[in-house]
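Presented sequentially are two complexes of chain A, the first with chain B as partner and the second with chain C.
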Partner chain A sequence: MLYQLGLILRGLPWTILITAVSLLIGCILGYPIMLGRNARSLPVRLVSIAFISLIRAVPPLVWLFIIFFGVGTGAFSMSPLTAALIGLGLIAATNMAEIYRGGLISIHHGQWEAAQALNLGGAHTFRDVIAPQMFRVALPSSATYAIGLMKDTAIASTIGVPELAYQGARLTQETFQGLKVFGMVGLIYILLSLPIAWLSRRADLYLRAKVAR
Partner chain B sequence: MPQQLRVVGQHVGKEAPLALTNKPYVKLEQITKSYGAHTVLRDVNLSVHSGGVLAIIGPSGSGKSTLLRCINYIEPPNKGIVTVGDVTIEGETPVSRRDLRALRSKLGMVFQSFNLFPHLTVLRNITLAQERVLGRTSAEAELIAMQLLTRVGLADKAAQYPSRCSGGQQQRIAIARALALDPKVMLFDEPTSALDPELGLEVLSVMRELATSGMTMIVVTHEMSFAENVSDHVAIMADGCILEYGPSREVIRNPQSARARQFLRAVNER
Partner chain C sequence: MNALLQGATWDDFTSWLPDLWSGFVLSIEVTIASLAVGLPLGLALALGVQTKAMLLRGICLAVVEIGRGAPALVLLQFIYFGLPSAGLPLTSFVSATIALGWSTGAYTSEIIRAGLDSVPGGHKEAVSALGLSRMDGLRYVILPQGLRVAVPALLGFSILVFQASSLCFTIALPELISRAYEIGTNTFFYFPALATAGLFYVAICMPASFLVSYVEHRAGAYAVR
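Take a look at the complex of A and B:
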């Protein structure tokens, strides 16, 4: 059993890698997408809304297939890992954009008015007044999403990324002990989600204590 | 000490020539504001001289706050002319960003709900715009912020976050934040309405001190004692119009219109 666990754990770095990188892509790309979603210019807004809707309307699994088997086999081939990072990164970006937007909407209009009255100007208002509060409000939903994303990385196994679910599937084919193997896989996912939840709660409590309204 | 640091709070004299020429410093002409079919302000005219303190009173929904917010264009009027010092903006024409900045640089504003930045310390609330808008160094800005915090009696709160301060303290910090940009006129939008009477009093005493120091002030308020004793002029508004305007005591003790008498009677009976 320890031997089997060892085989499964070979997938752990891959799961962590895909989760971390696609979340990072999401957190960074989500910001300009959210800005586009709220842009004053109508064309920019429409393109952003269309992009968000398109990415979110297609199941993540199908996106990975489109990227890996579709785009990846054409002009430029890519590794399963690259395809998974691109697919999950884009999906994370659109989801993070909507999470940021929720944070933005929650900010009291008085904050904008105060910044206006102080002559702060658009860029400073956003950077110094609005964005910090937006990120703070977005933190708990972002952590929830990070846990969801971590679990979604299991679909990368379907295009051959050797992460946890992939190792579980391979081992099951060899041993026919599906319940035991995937039980261990499931347990590892649970153990992975705990530190994320714990960290986010700590950060949230810290910020809440500091800035409680 | 750099010269500009010495003038904090010394608003007397800077605009003295204007006062002497008897030309109003703030002038609103035929301000009209409507939301769709609902007209909030109709052809409102009003002026305030340099160093003057005007209280605007009247029932809720009379357009007092909207009028105040039209002065610094947080609420752009549909029609009319706003003049503050040497800046004139006409309601019908598109407003350039430059004019808007020039207008707002002369006006400080204090809100009913304080609107401090909750993620910044009290000190940072006051230094932020000084650095970003006036280009002061952080050392200069902090020195001025500490002087103003001392002036409003809250120097010990500099390192705290606004959430750790009472409503009255938050409002005094908001006053300090506005004063830090050296405004020529301070606009107050019901500054004590969200406060209990005791906390309101500490804000009113700061405002009284400010008025005494010669600051030009326009105050939308329900505080009749402030209107009567601190402001030199009072305007009574109802239904988007100014019913009465004149020296405070005259207007409050001897209102001419029936609507104004009715409002003042209701206020006095409370």
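Take a look at the complex of A and C:
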């Protein structure tokens, strides 16, 4: 039992790596996508909406297959890890863009007016007044999404990234004890979501305390 | 683009369509079966986690937390590879229905619970003031109002269930993606075959999600009042 747990846990660093890197890609790329989604020019906005809808309309598994098997065998080959990071990173980016947008919408109109009254320029207003509040509002939903993304990384096992679900599947093929093995795998995923939830609650409290007057 | 298409011709595409179509139909069937299992389960779990009976509440909570906490892929493999080792062999379609139904039930129970919570407390008091039994109160007062609030979110989740049906690839169910992958291995036209399968998903999910955001918008106006 402990021995099997050890074998499964070899996948843990991979799960954490994929989650962290694709979340990072998503947090960074999500910002320009959100800006495009809210752009004043209609073509930019339409292209952004089309991009977001396209990425979200196709299941993550299908994206990973298209990237790994489709692009990988055709245009240029890549490792399963790279394919997983590109695929999940893109998916995370569109979801983060929508989360940022949710934060942006929640900001009171008076903030824009106040910035205008103070004669701040457009970029200045956004960077120093709107964006800090937007990120703070977006934090809880980002954390919820991070947990969802962590569970989505299980899909990377289908293209051969040796993470938790992959180790579980391999161990099941060797031992035929699927109930026990996948029970442990599922439990590890549930346990993994606890520290993320805890961290987000701490960060939220900290940021709230910072702006509370 | 040529590097991606790998010289697949129009005739190749049309020759794949019957295969992909039957996979697509199976994907839809899995989705409908999962929703048919999951939505009633979600309602039962939503009521179960609010019941006063400790044991029942504990069981419902565990079912919800495991269903939401573990990835759908792991649930799927847990049922498909796990239950046979416990002496209960299942076909991949049945396993898929159980696993995705479980996941659906766990998620929708939270959606439905939020909907039921949105019914004003006064209505529950009015139910007991009128001497309605608990069942009648639910049936005629609470559910009709609470479920209406939950509808847009449930529709949105149904799209996700359809997308999750692609996970059934891992348990050898010949759904859309399995077919596309099979075409890929037979012909080496991986990108064209998988991208065509992707277009099936786009054709369903994109209009559906626009429809859901429209319904959400309309329902939002109703709920704000």
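In this text, the second predicted complex is superposed on the first by the 211 of 213 C-alpha atoms of A that agree within 3 Å, B and C clash if a C-alpha of one lies under 4 Å from a C-alpha of the other, contacts with A are read in each partner's own complex, and residues count from 1 in each chain.
The rule we apply is simple: a contact is a pair of C-beta atoms (placed from the backbone, for glycine too) under 8 Å apart; a residue touches a chain by one contact, two chains touch by 3 or more.
This structure is a prediction, so every number in the text was calculated from the model and none was measured.
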Partner chain in contact with A:Phe51 - chain B first, chain C second, else both or neither: neither
Chain B versus chain C as contact partner of A:Ile155, first or second or both or neither: second
Partner chain in contact with A:Gly70 - chain B first, chain C second, else both or neither: second
First, second, both or neither for A:Ser193, with chain B first and chain C second: second
First (chain B), second (chain C), both or neither touched by A:Asp128: first
Comparing the two partners chain B and chain C, which touches a greater set of residues in chain A: C
Which of chain B and chain C A:Asn119 touches, first, second, both or neither: first
Which superposed partner A:Ala165 touches (first chain B, second chain C, both, neither): second
Partner chain in contact with A:Tyr31 - chain B first, chain C second, else both or neither: neither
Residues of chain A at both interfaces, chain B in one complex, chain C in the other: none
In the complex with chain C, residue positions of chain A that touch it: 53-54, 56-63, 65-66, 69-75, 151-152, 154-155, 157-158, 165, 168-169, 172, 176-183, 185-187, 189-190, 193
Of all residues in chain A, those that touch chain B in their complex: 108, 110-111, 113-114, 116-121, 124, 128-129, 132-133, 136, 210-213
Residue numbers on chain B that touch chain A, as the complex places them: 72, 74, 101, 104-105, 107-109, 111, 113, 115-119, 128-129, 132-133, 161, 163, 174, 177-178, 181
Complex interface listing, chain C residues touching chain A: 3-6, 65-66, 69-75, 77-78, 80-86, 163-164, 166-167, 169-170, 177, 180-181, 184, 188, 190-191, 194-195, 197-198, 201-202, 205-206, 209-210
